[in-house]
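Letters A, B, C and D mark the chains in the order given here, with residues in each chain numbered from 1 onward.
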Amino acid sequence: MIVVVKAGTDGGEIRKFMAYLEGLGVSVHHSQGKYQSVLGLVGDTAEVSRESLEAHHLVEKVIPVQEPYKRANRLFHPEDTRVDIPGPDGRMRHIGGEFLGIIAGPCSVENRDQITAIAVEIKKAGAGFLRGGAFKPRSSPYSFQGLGCGGLELLLEAKKAAGLPVVSELMAIHHIELFEDVDVIQVGARNMQNFNLLRELGRCRKPVLLKRGPASTISELLMAAEYIMSGGNDTVILCERGIRSFESSTRNTLDLSAIPMLKRKSHLPVIVDPSHATGLSWMVGSMAKAAIAAGADGIMVEVHNNPEEALCDGEQAITPDSFAALMKDLEKYARIEGRVLE
Amino acid sequence: MIVVVKAGTDGGEIRKFMAYLEGLGVSVHHSQGKYQSVLGLVGDTAEVSRESLEAHHLVEKVIPVQEPYKRANRLFHPEDTRVDIPGPDGRMRHIGGEFLGIIAGPCSVENRDQITAIAVEIKKAGAGFLRGGAFKPRSSPYSFQGLGCGGLELLLEAKKAAGLPVVSELMAIHHIELFEDVDVIQVGARNMQNFNLLRELGRCRKPVLLKRGPASTISELLMAAEYIMSGGNDTVILCERGIRSFESSTRNTLDLSAIPMLKRKSHLPVIVDPSHATGLSWMVGSMAKAAIAAGADGIMVEVHNNPEEALCDGEQAITPDSFAALMKDLEKYARIEGRVLE
Amino acid sequence: MIVVVKAGTDGGEIRKFMAYLEGLGVSVHHSQGKYQSVLGLVGDTAEVSRESLEAHHLVEKVIPVQEPYKRANRLFHPEDTRVDIPGPDGRMRHIGGEFLGIIAGPCSVENRDQITAIAVEIKKAGAGFLRGGAFKPRSSPYSFQGLGCGGLELLLEAKKAAGLPVVSELMAIHHIELFEDVDVIQVGARNMQNFNLLRELGRCRKPVLLKRGPASTISELLMAAEYIMSGGNDTVILCERGIRSFESSTRNTLDLSAIPMLKRKSHLPVIVDPSHATGLSWMVGSMAKAAIAAGADGIMVEVHNNPEEALCDGEQAITPDSFAALMKDLEKYARIEGRVLE
Amino acid sequence: MIVVVKAGTDGGEIRKFMAYLEGLGVSVHHSQGKYQSVLGLVGDTAEVSRESLEAHHLVEKVIPVQEPYKRANRLFHPEDTRVDIPGPDGRMRHIGGEFLGIIAGPCSVENRDQITAIAVEIKKAGAGFLRGGAFKPRSSPYSFQGLGCGGLELLLEAKKAAGLPVVSELMAIHHIELFEDVDVIQVGARNMQNFNLLRELGRCRKPVLLKRGPASTISELLMAAEYIMSGGNDTVILCERGIRSFESSTRNTLDLSAIPMLKRKSHLPVIVDPSHATGLSWMVGSMAKAAIAAGADGIMVEVHNNPEEALCDGEQAITPDSFAALMKDLEKYARIEGRVLE
């Protein structure tokens, strides 16, 4: 941790301040510049509160050197993490390492026929995971809010019918027991910093798909993962789904450079959701291909058998036929990168 | 609602599409431009899903005319809402109308002496409300997370000692019973779109202080208020606390133009939190004054008796002495605006 | 153009306002909603000033339907534009259509050996165009500002030596004569809205590579292209090079979804500069591949023979060897997309 | 300057690297942390290129300690700068120190009657400076581009008629001679990083009003000022006029916290343009008051005698009557702050 001392602080005050800092259990190096002094704090700086230092009357600013996350940090865990997910068909599926996880399905479960038909079609096209929302976070209280428990039951029926593991979003801690047979629990972008929920998922022994908040930095996303991992659950899959910028022609701005950055800073797998990022079905294919080219460990795509009648986010869903065509393209890209669609 | 039809769509298709739209219960006006057709939908468009229309194969884009919020909308409720909060001293305090609510106190309750001493000091300086966090949303799982229930008890002791109503943040639905004697429930910026929590607060009969998410638009903030109000709780206080921008010299960018905009679109009172917005104690005073000048209905300021030793956010807290001096300035500003500090 | 009338305006006033609008030469359709009236303006709305309408006392807001650009608009020019650039080796090179233009070279020309050596190496690796800055826009007046005219001469020597057409940035109108033998004139991101410069380039008969400003919308980029095209110069190449967002781990946020969006709205070719976008040499390769996958018509990459000693932006330059390796990858991607590196 | 060395670099390499750095003329302090080494560079680090260091194979990242601007830096010039501007009425006017400069006038000069009438009215209301654009940067080539030289002449006539010094925007270096009788030269937001223009203005002996680019950081604004000042022109007035954020209900997001931040980092006066920031005439008053409360050294407001017929930006202009009423309010605010409207 680097502490920049206010200009004009005299030597005696600096020495006293250094003694105080050393009293916190760190060693301190002093660099005296022409106008300003800089202190380098070395040792177990985790015990030193950045905020308290910033409140200190001699301090101009504090610059952290070490990233604040530990378990999610590649520095302490150099190998890639691969998340393994057993399916109802007895097959183990993977996300990370050489495996590109392909998660597809509708925004929300609407009825038995819809979810089962889609599940069967995406499996045929090669998807490895079925997604479907039962509890939906909607920005309007007057919009369709999902079928709730009933939707979850229909999703689990489709899971069996198609033989695919399922991914669904958990919105509230008290629903967690309902998710026993859901294979991957999704934390939505708006809940990325719902710390009580994250802490609860740290106690789970189930993979968590953690979506980046639309205004969250890469560092904040990794700190959210750290909340889950610090509770003992290391199976976290990160998901880039667009960030908020001034550009309004797409719903969000898909930050594909987050993929190599996250993979450099962390060992966790990183997937991309081009459907929510762009909000435009005709753009999903090109962004999915770009994600694979950029090094993503998988993608999550909204597929609906009748987007024009979808109860939720139809404008961003592609049809099963378009999805099957996209899979053919993705396979070529995966092959170039030496990877396997899963 | 305006629907722009894709260029090149022929007249017959447009007529069929108009018939379909009329079947949804709205009337449709057709404007044929040189290159594009535009349809104006009039009537009860709440029943028409924007998303489904956007997914329709003939639609280029959909432009909503009406704001999506109803109860929060000034159009249907032209008078300003004033929130009345009874205090433990038997006095009724107000936020909105002519009253500028002044909420002050530490980021988090640390111990009995700290919270009580601060409470007494801010009351002496003229504050109307005591704030103090017991459950703290921290971006790191390794930071101080608040004293929890014990902190809430100490806050309630300080409430009695100083005779001030209290404001504290609720982070999880299952804590709601603990907040029975908390006078105003705060929803933190990161929970602004925690829809389950909002819905629960709609069932409460207690004022809710709703903070704008750092990446939430004004329209989204009002939709979050609508979640609470649609449940029957009309006592919502909006709080601007900085939005995320590219500028990094302040923690967030305080959006003071949100004050007149929110007050034009909605009848709800709007307060400002300059402490979280800037993250810099030396800037709190000038931003508090600017907020009053811009028409805010109150401010929320972090005050700590010893910022250098604060367990949380010390860098943005001002001392009780600075707060007392600031109050003198605010009083002059309030007088110009014909308002009263509360 | 859609005009939303202020709530509460009475029918007589609306009729008078409609008559006024019709007097401007457009036809007006009136849709009377429950709370608000909406007017659809049809015909030659180019003559109607949006700003004046917004200033009108009866107007709540104005919503344009038609994009404001004409020559850059795909609606009026459905086929892709391909820019053809003759090289000093007698060969015609292309950007757009099936051709992926590969532009490579150093941030700035430093000396004869440097620029010639790099030129020869990138040509060997398959690049079609040499880039090199002589006039450099630097955010500090104390940084190296480029070699100026002398740099341009060295670039033109390298052009001959390697047999490659060259791209270089023009910063000021009065330099334009110096650029006679430069094959493609680059407008830097900070000059994207230097309208005098754009207008001057409209009078040129030379391809212009127009970089998107870091805070410019897609619509503004196309309006900047329109400035050039309205002067009669239709050979504009658009370049996405990262936009400003709150994320600070990369220099800018590369907006790859801008590629399909620009190509849908416009017929102009779109290339990507991953070097400036990310500011990180190790990320250039993955972003270049992603750009091709997303449908870009080319890339522009900084290559330096000794990045550690570069006078400018060394942190984002890759070596000629890395570039040669990247070209092998890009070729595979191009083949999948049915395109040819140029 | 702080250099963070890549994790895993061995001691011998670090020693060699330190020797290399010392060879550049700085002294180097080494702090060996648990996982990473940090080097503190002290002395004349202006000679050390940050970019080259970042390109070095042993370097993880470089963290500058000193701000890159010198002449604009308050560290080296602790007293506030006050800019003095002589008027055609023989009176010296000031911006900065105790003086709040009030600049008012239309977006663009339209004809003799318009500009003279407005000039006389704003003077009567107490404004100290007349603004009016002759060369207008318009995002569309099809919009009114200003009257050019003729407009400048009319502005200078109005200057004499009203006895007020004038402010007008310079868009191109070759127009500079036309501006001889313009008292303050404005650099528009889109030209904030037009470095050739800035450099030219450094050679001028005339105050420059430098507007912050909508996507420029505070540090970049000060570097732009540094360009002008490094040429010998110290009379720079900074102007905050809104930055680009995701919020779209106002044209830009007015960053009022930039005022105290700029005044802490620099000695230059800072004014605010609420008209361009918000784009909404009804919001100009509240934002002007907030700017004064936040510590601004003046404001710049668009005033038009007939906003509905304005050729440019009518939606953000206020009438002379509204301006006169606003001046009365501003006077009260100024008095509280111990300042004088000028």
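Assume a contact is a pair of C-beta atoms (placed from the backbone, for glycine too) under 8 Å apart; a residue touches a chain by one contact, two chains touch by 3 or more.
None of these values were measured; they are calculated from a predicted model.
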### Task
Tell me which chains count as touching both subunit A and subunit B.
C, D
### Task
Write down the chain pair with more C-beta contact pairs when A-C is set against B-C.
A-C
### Task
Determine, using the mean of C-alpha atoms as each chain's centre, which chain is farthest from subunit C.
B
### Summary
So, in whole Å, the Cα centroid of subunit B is separated from that of subunit C by 39
### Task
Round to the nearest whole Å and give the separation of the Cα centres of subunit C and subunit D.
27
#### Entry: subunit A-subunit C separation of Cα centroids, rounded to whole Å
31
### Set of subunit C residues in contact with two or more other chains
215, 244-246, 248
#### Entry: Contact footprint of subunit C on subunit B as seen in their complex
2, 4, 7, 29-36, 38, 40-44, 63, 65-66, 75, 215, 244-246, 248
### Residue ranges of subunit C in contact with subunit A within the complex
215, 217-219, 243-250, 253-261, 264, 277-278, 282-283, 286-287, 289-295, 329, 332-333, 336
### Message
Residue numbers of subunit D touching subunit C in their complex, please.
### Response
46, 49, 51-52, 54-57, 68, 137-142, 171-174, 190-191, 193-196, 199, 213-215, 220, 223, 226-227, 230, 244, 281, 307-315, 317
